[in-house]
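We just call them A, B and C in the order they show up, numbering each chain from 1.
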Amino acid sequence: MNNERNWKRTLLAAVDTITQPLIAVLISFLLGAVVILVIGKNPLLAYGEMIRGAFGKQVYLMNTLKRATPIVMGGLAVCIAWRSGYEAMGGEGQMILGAMAAALAGYYLPLPAALRIPAALIAAAAVGALYSMFSGWLFEKFDVTFVISTLMLNYIANYFAAYLCNYPLRDPDANVYQMQNAQTGKLGPEAILPPIVKGWVHWGFVLAIVAVLITWFLFKKTSFGFKSRMGGLNPRFALYGGINARKMLYLVMILSGVMAGLGGAFETMGSKSRYVDQMIFSTGYAWTGMVAALLANMNPIGTLAASILLAGLAVGGSTMMLNMDIPLEVCNIIEGIITLFMSARMIRIVAGNHRRRKQAKGGSEA
Amino acid sequence: MKKIVSLLIVFVLVLATIGACAEETKKIAVICDPVGVNAFLTQVVEKVEELAGTYGYEYRILECSDTDKWQSSYDAAVAEEYDLILGVGWQSAEYAAAKAEEAGDTIAFAVIDTDAGSDKVASYSYNEEQAAYLMGAMAGYAFPNETKFGYIGCFEGSGSFKYRWGFMEGVKSVIPDAQITFNYTNSYADPAPAYEFAKQQQAQGCTYIFGGAAACNEGIFNAALELAQEGKYIYSIGQDTDMTREDNPYILSSQLKNTGVTAGIIIDAYFDGTLENGLHVLEMKDNAIGATHITAEGAYLNSEILTDEVIAQCKAVADAIASGELVLEMPASEDEYTFPIF
Amino acid sequence: MIFEMKHITKTYDTVVANDDVSLHLNPGEILSIVGENGAGKSTIMKILYGLEKPDSGEIIVGGAPRHFHNPSDAMAAGIGMVQQHFMLFEQMTVAENIVFKNELRKGLFMDMDKAVETVRQLSDRYGLKIDPKARIADCPVGLRQRVEILKILYQNAEIIIFDEPSAVLTPLEVEALLDTIRGLAKAGKSIVLITHKLQEVMAVSDRVYVMRQGKVVAERMAAETDMEELAMLMVGHPLASYQIDPPVPGKTLLETRDLCLVENGRKVLSDISLHVNAGEIVGIAGVSGNGQSELIQCITGLARSTGGQVFVAGADVTNRSVKAIRDAGLAHISEDRYVWGSATDGTLEENTLMIRQDDAPFSKRGIVNHKSIRDYAVRLIKEFNVKASSPVQKMRELSGGNAQKLIVAREMSLDTPVLICCEPTRGIDIGAMEAIHRRMLQRRDQGSAILLVSSELTEIMSLSDRIYVIFEGKIVGEFTRGSMDDKHLGLLMVGGTINHE
């Protein structure tokens, strides 16, 4: 029972959780290599190009980190909810509304310049939290499973945002030759998260790292983290231990929604300077974030690493395509295979939650 | 294993050769949405491929599978030192402008069908009102006894004003007391509302419906086929590329926007050294806009409606616009323009 | 000798599960292996059955050395095992389950009629009455176990291993099981029985091995030993009988008044009024499923009652939250340690922290103090003799008895005036049981009010100062220590009435 043994045990457990995703990533790249061979290219050169295109130049590295920003926020939203036993998949909808809220607050709110950024971030966090709470409420009141409610809410959010930026809130500055532009007005410099240094990634990435650290702190160092983990491991035990399940549900959903909403805001304020139609939906940030969280087994710091890897895959693909004429689909295939591996893990978690909750309900109506 | 090794060697060699002659060969990157069978984009790709034979340049098509890829594609194309970066579609405007600010002196930037609003980007857009006017005039000549006409568009915003205005003016030029009813699908891709609107407009007495609703137009075309079985006839037109086809004679024509021609203009100008930055608005005379059967050939001609006489009348209008004989002066905003709507 | 295991050693991680174990089985014999949980008796049988591989040692079956890689190998050598957890297909019939993997075929199809007939013959031959066409989902636990046994007999096993077969059975079913075991031995099968229930051992076995800490510590002929000796050999020291002083009456700390619970229109609890005073252990005797679980859930806040009141230390806590009730001064050892009482994938320190997560020094303003949490876990593990290798190991790695000890440690360390103990010693060995009983008595003597719910009548009888008998959600009798014998209690528990002479 000495400290060295505890430490060893922790290390072994860490290695254990990392092996499976590592193998998944390796196999995915191997299968990707087979596809590259089949189209008659050299996989080693291709992967070399991909790595160079993701991390090899400052502009590439910065693009990778920029793309990783909303992904890691979506991943944190998943970490927070799933660790607590709620398999919410509403990150996408919350992120869309957060992105839209930030775009509107930054553009329309008549505030002094110094308050624009905080106001837009708060608006995005609040909208994300409310939307997330709504699925929590559906779950609590009507027993609507998260998988169903959050997926439906994602569609609603995307269509709603598409309507807004196509019609009533379309960019008022667009001229007659920009008639197809489906986007809101461009944010002024006072509402934009600027690059840390010129040519670097924007401050949203720094805020995302802060969010990772906060999440890690919540998980490891607070009684909230303990309660949410217990609720995830065995909801009946949590109930028996006097943990208020209702309060935890809403707290967790709010926190998860805040992360997703902020992820949307970072993308709006750091990258696009406005809401562009489909900017969250077509990129699949929230889903990539979920894959990252699954790869990291719900560890926030691991999620950050996995997010950067997955973002690099997408960004590096462009260079691979440019220099080797390899279709971008190869990257999609690799990401698809990783997702496939991780979905096995996901299904296990979702089914486990479902079973435990069913038992907990059977145990009492409290 | 042997095969793989020989493959490897071959590709290393190929790469080496490509690398060796990279110095002389110009490189062109086309950045656009996934091409697929989207005629708006295939026209560009075909043109770029065709001209590669003439000028001997190397090219890549960067298809942006999501909105974020627009930026990373632009970044990659700039970082990999392409010589001409050609963006197709409205999403390219912002990134072209931003990257041109950084690299506009060494790399040429051009965008098609939008305005980058930058003096370091050559923006190519269109005077669509001219083609819309032509379609309005065609409606008037083809149905001289009608007074009620329909219009189905995507969104009511100011962006589509030039289509409305052109069409209305065109109809009015032939039938001064014409009335037009307007409906909007609020979508670029959902045919269902267009289908419903088409049936409603038919019930209100329209025979000719201007199809200005992008992919939603399919709804109008299907409604026309169905209504024809009940003995009620409506006629419509397509957008951007030739949509006429034998199995649906109710698609009379298409309002054309030829992105292939545009790409050709840009590439020719680039190699002539005459590519100029700023906004270029292409017109009927450039052959970048026009109409099927009037300024270009079509797949199928419904000669019962578009008789030789009608086509001759339309061609006269097209010639007048192209030659500058007929000048269309659009009001600056919709508020200054009124037209009878029933 | 039908089989012999020589010098078997098996280690997991850092724990030696079997240390140079040698044993043998004679034909037609009923052999029992007894020992506390974690003594290594299940491991040695898993090795024999091909579920585990030994680090060293030799297995000889039918005169030849064998290496079993999986249970199929063992089965082929005539060894079958009835596991604690049945491996049956719920939606299939008894006959289908029995012939599974060795189906009788007619052309391409399974010959169902033949299967049913075979099962019927088998059940007649061994006197195991069963309907071959019944669906497993409709069979009670005792019958399912019978199906497991028939499955093994169908595969022509000569050696049948029973792993804790009575753990899941009702007393009546246990009787039937013991008859079955005797019958099988009479029919020429050789039986190995793994258990820690000494009554069963004495009732059926011919010979007994006692295991402790991975070693065989004794071998006895059943006729030449008794329960006391076996118990002593198992725990390593003689079992003390409890010295219980007469209760010192204190004030009432736990009380229910007319507590009712109606679920789906069915009255589960009717007007339950009971009280527990300081310095008193009060038992609730009853056959499982007569409302004990629901009563405790209503008291502890895990379920909402539909009528009546609950008082803890004088405060009305009726239908308050679990936390409010616990804060009023109640601790609760739950009836099922894995379902309610712990998180099996949580670490030991997480499991000991539960309930106190918001208390100083473990957390201040929501920030936890890992050192104090670990120290606390280590202290409880030591104080309550939990056999564990680390406070950060997972709960599921503990044996049942040790897990229970940890839960008892957690709840007792709360030092509340009221302690509710539900099945505090279910499925655990004598050593752990005795330790827990002593703790309960100690708490009683210190002035706590203890409510004990147990399906073991002897446990209730030996510990309780007062006993309530519960039947179909009603209290049907109340007795003080010594005023009642177990026959009368038993009668009340099944709904009989006492003939007052």
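The criterion applied here is as follows: a contact is a pair of C-beta atoms (placed from the backbone, for glycine too) under 8 Å apart; a residue touches a chain by one contact, two chains touch by 3 or more.
No experiment lies behind these values; they were computed from the predicted model shown.
Taken as a contact graph, the chains are arranged in an open line, each linked only to its neighbours along the path. Of all the chains, the one whose CA centre sits at the greatest distance from that of chain B is C. Chain A has the C-alpha centroid lying closest to the overall centroid of all protein C-alpha atoms shown.
If each chain is reduced to the centroid of its CA atoms, chain B and chain C end up 77 Å from each other. Work out the mean CA point of chain A and of chain B, and you get 36 Å between them.
Centroids built from CA atoms put chain C at 45 Å from chain A.
Residue numbers of chain C whose C-beta contacts span two or more other chains: none are found. Interface residues of chain B facing chain A in the complex, by the touch rule stated above, are 4, 7-8, 11-12, 15, 29, 60, 62-63, 65-69, 71-73, 75-80, 82, 89-91, 93-94, 113-115, 117, 123, 125-126, 155-162, 186, 279, 281.
Contact residues of chain A toward chain C in the complex are 1, 5-6, 9-10, 221-227, 229-230, 233-234, 236-237, 239-244, 359, 363-366.
On chain C, the positions that touch chain A within their shared complex are 297, 300-304, 321-323, 326-327, 332, 334, 339-346, 350, 353-355, 357-358, 362-363, 366-368, 370, 378, 381, 388-393.
Of all residues in chain A, those touching chain B in their complex are 37, 40-42, 44-45, 53, 57, 59-60, 63, 67, 163, 166-167, 170, 174-182, 271-273, 276-279, 282-284, 314-315, 318-319, 321-323, 325, 328, 332.
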